[in-house]
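Two complexes come next, and they have one chain in common, chain A, joined by chain B in the first and chain C in the second.
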Partner chain A sequence: MSATSELKIVFAGPMGAGKTTAIAAVSDFPPISTEMHNHDQESFAKASTTVALDLGQIGLGDGTVVRLYGTPGQDRFSFMWEIIGRGAIGVILLLDGSSPSAPNDLRTYAETFQRITPDQPFIVGVGRLRPEDGAKLDACARVLDLLGISAPVFSVDVRKREDVLLLLDTLLAILEVRDSEVAQAHG
Partner chain B sequence: MRAGGHHLEAFATANPDVTLAVLTSGDGFEVASYPAAQPITPRIAAMSSSMQALSEALTREAGLANNRNLIIETDDGTVMIMGVAGTPRLSLAIVAKKGELLGKLLWAARNLSKKLETSLRK
Partner chain C sequence: MGVVNAAGTGPERRIALIQPRFATDEQAGHAVQLFDSVLWVFKGTTRSIWVTSDADAAHVVIAHHSEPPAQLDAWREAGKFIITLSTDGQKHPAGPRTLVYPVPAVQVLSVLERVEAEMEGWEDSSAQAAPTVANTAPPGADPWSFVEALRTLRAVNNPSIWVVCQGTTGPLLWIRGDGAQYCCDNATAQSIHAGTMSLSGLTPQKGSDPPREFAPRPGVELFWFATYYASAALAPWLNQKAIFRLIRWPDFGRLRPSDATALTTQIRIVAALNAGSASISALSVLAQATVEQTARIVNALAVCGLTEMVQTAASRPRQESSVSPPAGGFKQFLRNLRKHLGMGTLA
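And now, the complex of A and B:
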């Protein structure tokens, strides 16, 4: 398989944002997982946590294979963010919309992955939002504005395949437009 | 977990080229270490848990049974990571200078792992 027919997209974000679930929702095979028992129940009350990566894959029908990498969320695993981010064509940042720290989390992860994957597009997916939480999406959009990042922000349920596909389709559409603009600029 | 620290200290004393021994939880937290309170230890703990998890994922994909240890040899020394049987996903990371013979280090580390297993079961 040639390198041009393999794309790499990274799912990033804090612990409990739904990265492992999102990849499992769309992957063509059961994702490779590195989940371990979570001893840090104060940060997020869940049974297990990713300590190295998640790896799934989705075929686009034209022979292109998109590899879906999930990062661990905690700072102590930030060395994995650098490793996983290398060569990514785009980043999907997932946030827990029920967390008061969501805008700060967005700032942290957007700044970090902007450095790791410069010039690559971002998509932001905010989960666990209630219908009356529209202001939280606006807050996220303001954070991106302040950082000078142009990225769409979606409310998503990462358990739903169609929601995760929306994020992936949007990212791929942005890349397609950018590639055609570059091609036009070069005549 | 004090007993774990004592076992690590005894191990490092008996194997003088060992520069760091860290007992780590499956999710990357330092449980015990020798020498204690080194600035690098939390990162080594997190990295060793990631490496342990990745090596387990790799052996699963390859259809191999439980992996015993992961050995990284460099020009300057060796890093060895192994699970501690009978514990809830604890692993042991050992860093040694190149003076240490790999076979001797592996033998000593397995003995340490057994001692930790016995000690932590009590």
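And now, the complex of A and C:
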């Protein structure tokens, strides 16, 4: 069946943050790990590079299809983030809260996706946090404050579907409010 | 492994009676023996079928206070419920999960019933059924009294003390003197999260440290839920005509309600506030929520320091979306996607 509309939601984050698990929680089929070759050899000296990304999908009854893309986590494949992020209706960034690099990872991804999709919702889910790890979540929120980005930062366990739905629910709520704002502005 | 209550009809639960290895007084062994005897004497009368087992297989572990803290923590982290037997009431006083030898049988049964209720609470939590902890506010109680007490506590900011709230059957809730942590049993915590326990009748008073078996919980949870459920009216320290600005999103991973529709509404109210500073009435229109729902969220945000009052309303600057809307428009798409994923929908 050909889709009447295609929309894209991106799941970004470093390796092991749970992107594949999150996509699997809501996709109509198990995520497909896709291997792509790097054809952008002008920008990237390496002649041949293989990049793995995850792809899931949600098909709606009216023919609309939502593609769920999991970006490659390795920094060296960050050029892929731009390709995948362009045209997305929102980005969900997943971080490993137990990693000391989480705030730096957040800064890197936030800066990149604010450049690629500045007008779209950006939601942050931080995993592997214990109840007493509130300070780690605060540290992530402060990174966004310093970058001037007002984005939700939630503690999540993406092995739980309800937590993945929380992230998506938030993304959709932001889009809904924007839609209402536009409708109000146009009377 | 022996069946303690073969006559029971409730669920089978495994209980480990740990022989004291590190105790210096012989009463420690007597305390464990007494607990074992009470279990046998009352077999058939308890709600669960208690089956003794080793600690690894047990749901509940009965241990003397001399057991090394690291071992107790390991059991706790493995999801086991710990009941401590004390033979020194001065250093290890009685608490919700601590029994002081010689233990009256009724106390043994009482603590087991409490643990059973908690276990059932955990088992039911996947079905989002929160148990109700018996605590009702006195008639005419000020709905904001407990929240005001929390705010005062935080203002005093003394992390070296704990205050205790007494329930109808004993200590219910311990709050650290700076409000940053609180402790209680799981059933009480679930009731606080679900709003099924009235907090307005509670009066925090200076007391002892919380029992070790209750892991500290982030105080923001208590501030958030106590305020959210206190009243549907705007909090007395907030101005109905004020303009509110979002400072930071709340962590809905930790502060979410169990109901999906309520969660969606709460998220949308915060998303509306994130779009720009606005009054309660303007927020409720933008979020398609009632004024009462909006007031509850603004109250909770305010008490957690996540929103502030500002002079004028202002929208957050934003670029036009570069994404083409789906064929039926965004509104229809969002509705369809929510339905497909089984999320809460607009009321």
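The definition used in the following text is that the second predicted complex is superposed on the first by the 156 of 187 C-alpha atoms of A that agree within 3 Å, B and C clash if a C-alpha of one lies under 4 Å from a C-alpha of the other, contacts with A are read in each partner's own complex, and residues count from 1 in each chain.
We adopt the following convention: a contact is a pair of C-beta atoms (placed from the backbone, for glycine too) under 8 Å apart; a residue touches a chain by one contact, two chains touch by 3 or more.
All of these numbers come straight from a predicted model, not from anything done at the bench.
In the superposed model, A:Ser33 makes contact with chain B only, not with chain C. In the superposition on chain A, A:Pro72 contacts chain B only, with no contact to chain C. For chain A, the partner with contacts to more residues, out of chain B and chain C, is C. When the shared chain is aligned, no partner comes close enough to touch A:Glu111: not chain B, not chain C. In the superposed model, A:Glu82 lies in contact with neither chain B nor chain C. Look at A:Pro131: by the touch rule set out above, it reaches chain C but stays clear of chain B.
When the two complexes are overlaid on their common chain A, residue A:Leu175 makes contact with chain C while staying clear of chain B.
By the touch rule above, chain A contacts chain C in their complex via residues 4-5, 7, 26, 58, 60-64, 66, 87-89, 118-120, 125, 131-132, 134, 137, 141, 145, 150-156, 163, 165-166, 168-170, 172-181, 184. If you check the complex, the residues on chain B that touch chain A are 25-29, 42-43, 45-47, 49-51, 53-54, 56-57, 61, 88-89. The touching residues of chain A, when paired with chain B in their complex, are 32-34, 36-40, 49, 51-53, 72, 74, 76-77, 79-80. Of all the residues in chain C, the ones that touch chain A in their complex are 215-218, 220, 246, 248-249, 251-254, 256, 260, 263-264, 267-268, 270-272, 274-275, 285-288, 315-316, 318-323, 326-328, 330-334, 336-338, 340-344.
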